[in-house]
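First chain written, first letter: the chains are A, B, C, D, E and F, and each begins at residue 1.
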């Protein structure tokens, strides 16, 4: 019984995996503030756990490659401990992981990112490969966004998101020992608490304007993490895992 | 009566604009195939015209900076005439335009992009500025996406988008002399026409997988441009212009 | 009757142009101060108009690719409104335009630059291609320098050049509506007005020393633009156009 | 009782750590073949475990930052599963981790690398910081090289090193569940087995010549991993941990 | 009596030179074919010797910094032995030399280049410094071009230049022991010998088109080096040296 | 009788050298302070002289390529006159020299560096070539480190190294006219003179910590150069030359 983590395989087992496991999952996180109750590595932890669950369900059709523990987090740099890569460095890193995998024969790469701040850089990687690697299929996915209906059903705050109800719930389910439950405190929960500029930046269907989190929330939290339950977290994670597994099934059938 | 285009002003007028017109609009296009009926510069044309209309309505509160005539279009490179920048080069270009404007004193930059392929690179520019230019407000917006309801009301094909109903309509309104009406032909209009992989890449709420357009549509078109009317185009453009003007009004009030 | 501008063609027409129009003209400008009477986009306007005239005379043997609206203008950054690219970014931009054109099959590229500040970067592009693209013929040309005799015959000031007699004349001919005639004022017109260092930088046949324009002229002008006439401008433009057309004719015959 | 891993702390705890824990340890690994018996992540596993042991002994005077799971491994790329960064990308990654830590106030960074292939790139990072960050103290250390005497006492093969006696011993001590004991097989163990060029590359006190591992050993192993014992591994690890702890103690006293 | 070469001074003497010798001369060469009679290092040799002569005449007002032995020579790469830098690398090298000199206090840098192929890259360095180092005066000069009248008076071939009359003459004067006199052979000497494309590339006052030397001359020579004399070489060198010395005198007086 | 310096050969002779002289030696120096008695170019001078001696002994089996006069010296930048390249620029330079030599057919490159600060960057070059140029054999060597026993036998100070006994001895042998004998003064000679941090940085078998030389020695010297003799220098140089010659002999026999 071999591991579904490439890092736990020997090179001989890796050679077999190129043939038998045509999809490589790359978990990407962030190393950034998550308010007074969640740890800096929250996004990596969620991405790695989801990757494990996805790989287990795929039962040998995918392997998990090395993680990307740090992501693109300039908006959190005002909060102590946050480490951020420039978008170019993050993209280069994803590209060099992928280039090596491609050299060994893999053609289907799926980055699972626990951090939305990585999305733009992942998009640029996907685009640049179109010009140079026509036979590579490079895909990437966020986590929580795949479970929008579950989150909506949780009864979240008017303003919610980073370190809020949904993210805290996932951590209560996946890594409860790392949640400082007694320190969970609401951040910005209503649009009225935001400055006009911050409010503008939160509107959908408008021009996009990125803001630093110190202009969005004094404690770095959007929403009220006290509302989170491990049960809701389980429901989000299950939904996300099933969506990704279903996607890979379809992908392998193309 | 001075122009609202910075390129048509003298340096003395530009010095006044730094004070009186705190927003700079940067129109970004693409130089890429638009099927058998629309010209390569379609996205630039739409972006520049919208910028002109927006600036006119803002009546001196914004000026239009230099255009970005070429964008990120690797997915169209299989079609003759397409010119594409790498994501890094496009981002660097936007950054150097912005750096010079910042040096003169402007703090509010809004890129108006007629091409969705530029979105990811624009996102990376916005992020990287958060780490280095805390007092810069860098915003960007697509066009057609601001008028989703109008487009839905046009009765578009199941599969629609690039060079399809909505884009053709805008061109019929803004630059009818550049539409080869007699050559407008439907491209891919139903999911059934797509390969399984292409169908997978079109699904919402799933992992994202970028594909080259030669795998999506034989003639480079998604949707049926013959359904487009100048009237629908006018409605789209008006909606887009009003949304952007409203945004800038709110922005200036922050 | 199709356009000679590639941006106004469809991809099918572009495919035909690869075969029938072996030369691509790329107009390059600058976005920089041009004294109190000329607009920031002066160099782009002249380059695009000349390209149009050249292409018209070549009657289908050349097409015009996308413009480069911003050039290398660090020497003008002290004047409001100037936008400058670094030499590396400008060169990369030219290279990526050319790379896409090369991919489609074009082998003869001619950059028409209205701005002398782009010359060095264009030279580096030409050199680097020699090592990597032996079958590419990459050429570039300035404008006014092709009509030296005409300019000499205009009776120019002892010190003349940027925004001076010859450049203003071209604008009076090509885009009179953008010339603020009442604001045309002489800049530095004699060597005596220059500081010793500035004078040194203007001598021919000596080491080259680049200086910022704020050290050359208080209002950013070299020469006396009031001496310019539309007639002289027409003569300059005609000469330039004929020289480029003659060159392309010879080039196509090689 | 807080964690000594920065990734398990909240931002408030991180802010305290800047003050109380002046040293940040960064574990660096490699993702590369380790012969038929050891996993690809061997170097990361050893680096992370040693960092944990060091931090535990330092008892709050150091925290562990994010890992670098992939290193510089071009010499192993011929073996399936190996993922390698270019030296520039690895160095940039270390630099961007450090830049963020520096921004928060840390001035003492110690990279603990389980992979000797990272040494040169770490050396370049250290040098470049001398020119730009005079108050930063950037240090780095290999693992096994700190326990040379212990290794010599193990009775190693004439040729030994990668995936050999010492490395396998450490894994038998630290992560026995990931060692495929039944697959451990000797690689190149004597100089006579090497080609003349390979032999030349192994000589000390001579010019350095890097060779790919497929030219050094058919199965990617140098030495005989069957000689390894968990006991020897424990001795190596203890020595390494004590050396690093002693170093940090001295460092904090400067 | 100290040397005028910075490389032969101690750091204490260098500290005095910052104060007493405000100009630093940087000799730049090329490492490229020079036909059957001249050595690869011809351009460096000439640049270094001229720098020595200039510094001697300036008698302490200038020092000579480190050389740039390799230049931008992609046009000669078809000939064995030629080593070429990309334009970006050459420019970066000049910039990093200059940055260090600037850090020590020098503000006047003069690159003396024996190779015309370096001109464009030197031009880009000069431009980029205008945006970032307003108090740096960065100048550069070619050699032979400063002595145009002397060369014209030598009775050169219709086509002449690289490794031809003037360059060979300088070498006969400066380093006769490195000229293989018996192997000097004419290269291309008349326009008629050139292909139409090559002829086009040699015309003045036209668009510029760079060509590889294997398309200009079978043996890499333009002109007839057998016409060269050491006497003519001395005259060229004297003229060049005097022009540069005069320039520096004027410069120091500004 | 042709030169063993490639720069003194014609292109025809270089073409023969590709066939007959399969090894290219590249001398690398530094341009940095060497205390009150030795010149800035000390490392280049030693590298070039050793290369000459090695090439002479190899008698046609190796040629010397262009020098690298400036190296990686950020640790000496506080001392006047020091010029330093970033590690990336130095590595790029070595790579571009090598790329051109490779293009002509050479496959064995040996960089002889007189400066230890270049080692890390040379290591990165060697690694990156493993991934891209499998048939290139890129080697590099320091100088003094090859003669460790000779140096130990000289009776050096407790702290010795840069500009100390061994380096001064080599210069007294190779270039006595450039040694300011009367100014030779001891620098730091005992560990007690060092600050605790500096002492820590000098310990072997520990984590590595790079320090600027102004924190190691007030006059930039480690050791006592007054103990140096030309005789000891000759012995060091002879040993180094013989080691390199022996290495190349073995290399050519592989």
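In this text, a residue touches a chain if its C-beta (ideal position, glycine included) is under 8 Å from a C-beta of that chain, and two chains touch if they have at least 3 such contacts.
Given the structure is predicted, the values throughout are model-derived calculations rather than measurements.
Undergrad: Going only between touching chains, how few steps reach chain E from chain C?
TA: Minimum step count, chain C to chain E: 1.
Undergrad: Are any chains cut off from the rest when chain E is left out, and what groups are there?
TA: one piece
Undergrad: List the interface residue numbers of chain E and of chain F, divide the shared ones by all numbers used, and answer same when the ratio is over half, different when under half.
TA: Counting shared over all numbers used gives more than one half: same.
Undergrad: Whole-Å distance, chain C centre to chain F centre, using C-alpha means?
TA: Chain centroid spacing, chain C to chain F, equals 48 Å.
Undergrad: Please report how many Å separate the Cα centroid of chain B from that of chain F, as a whole number.
TA: 56
Undergrad: Which integer distance in Å separates the CA centroid of chain D from that of chain F?
TA: Between these chains, centre-to-centre, one finds 28 Å.
Undergrad: Please output the residue numbers of chain E that touch at least 2 other chains, ranges allowed.
TA: Residues 77, 84, 86.
Undergrad: Line, ring, star, complete or other: which one describes how these chains touch?
TA: Shape of the chain contacts: a ring, since each chain touches exactly two and the loop closes.
Undergrad: List, in order, the chains that make up the ring, beginning at chain D and going on to chain F.
TA: D, F, E, C, B, A
Undergrad: Enumerate the contact residues on chain D facing chain A in the complex.
TA: For this pair, the touching residues of chain D are 5-15, 17-18, 31, 33-41, 44, 65-67, 69-70, 77, 79-86, 89, 92-93, 96-97, 100-101, 103-104, 178, 180, 183, 220.
Undergrad: Touching chain F in the complex: which residues of chain D?
TA: Where chain D meets chain F, its residues are 72, 74-75, 77, 84, 86-88, 91, 110, 117, 119-124, 126-131, 134, 137-141, 145-146, 148, 195-197, 200, 205-212, 243-244, 247, 250-251, 253-254.
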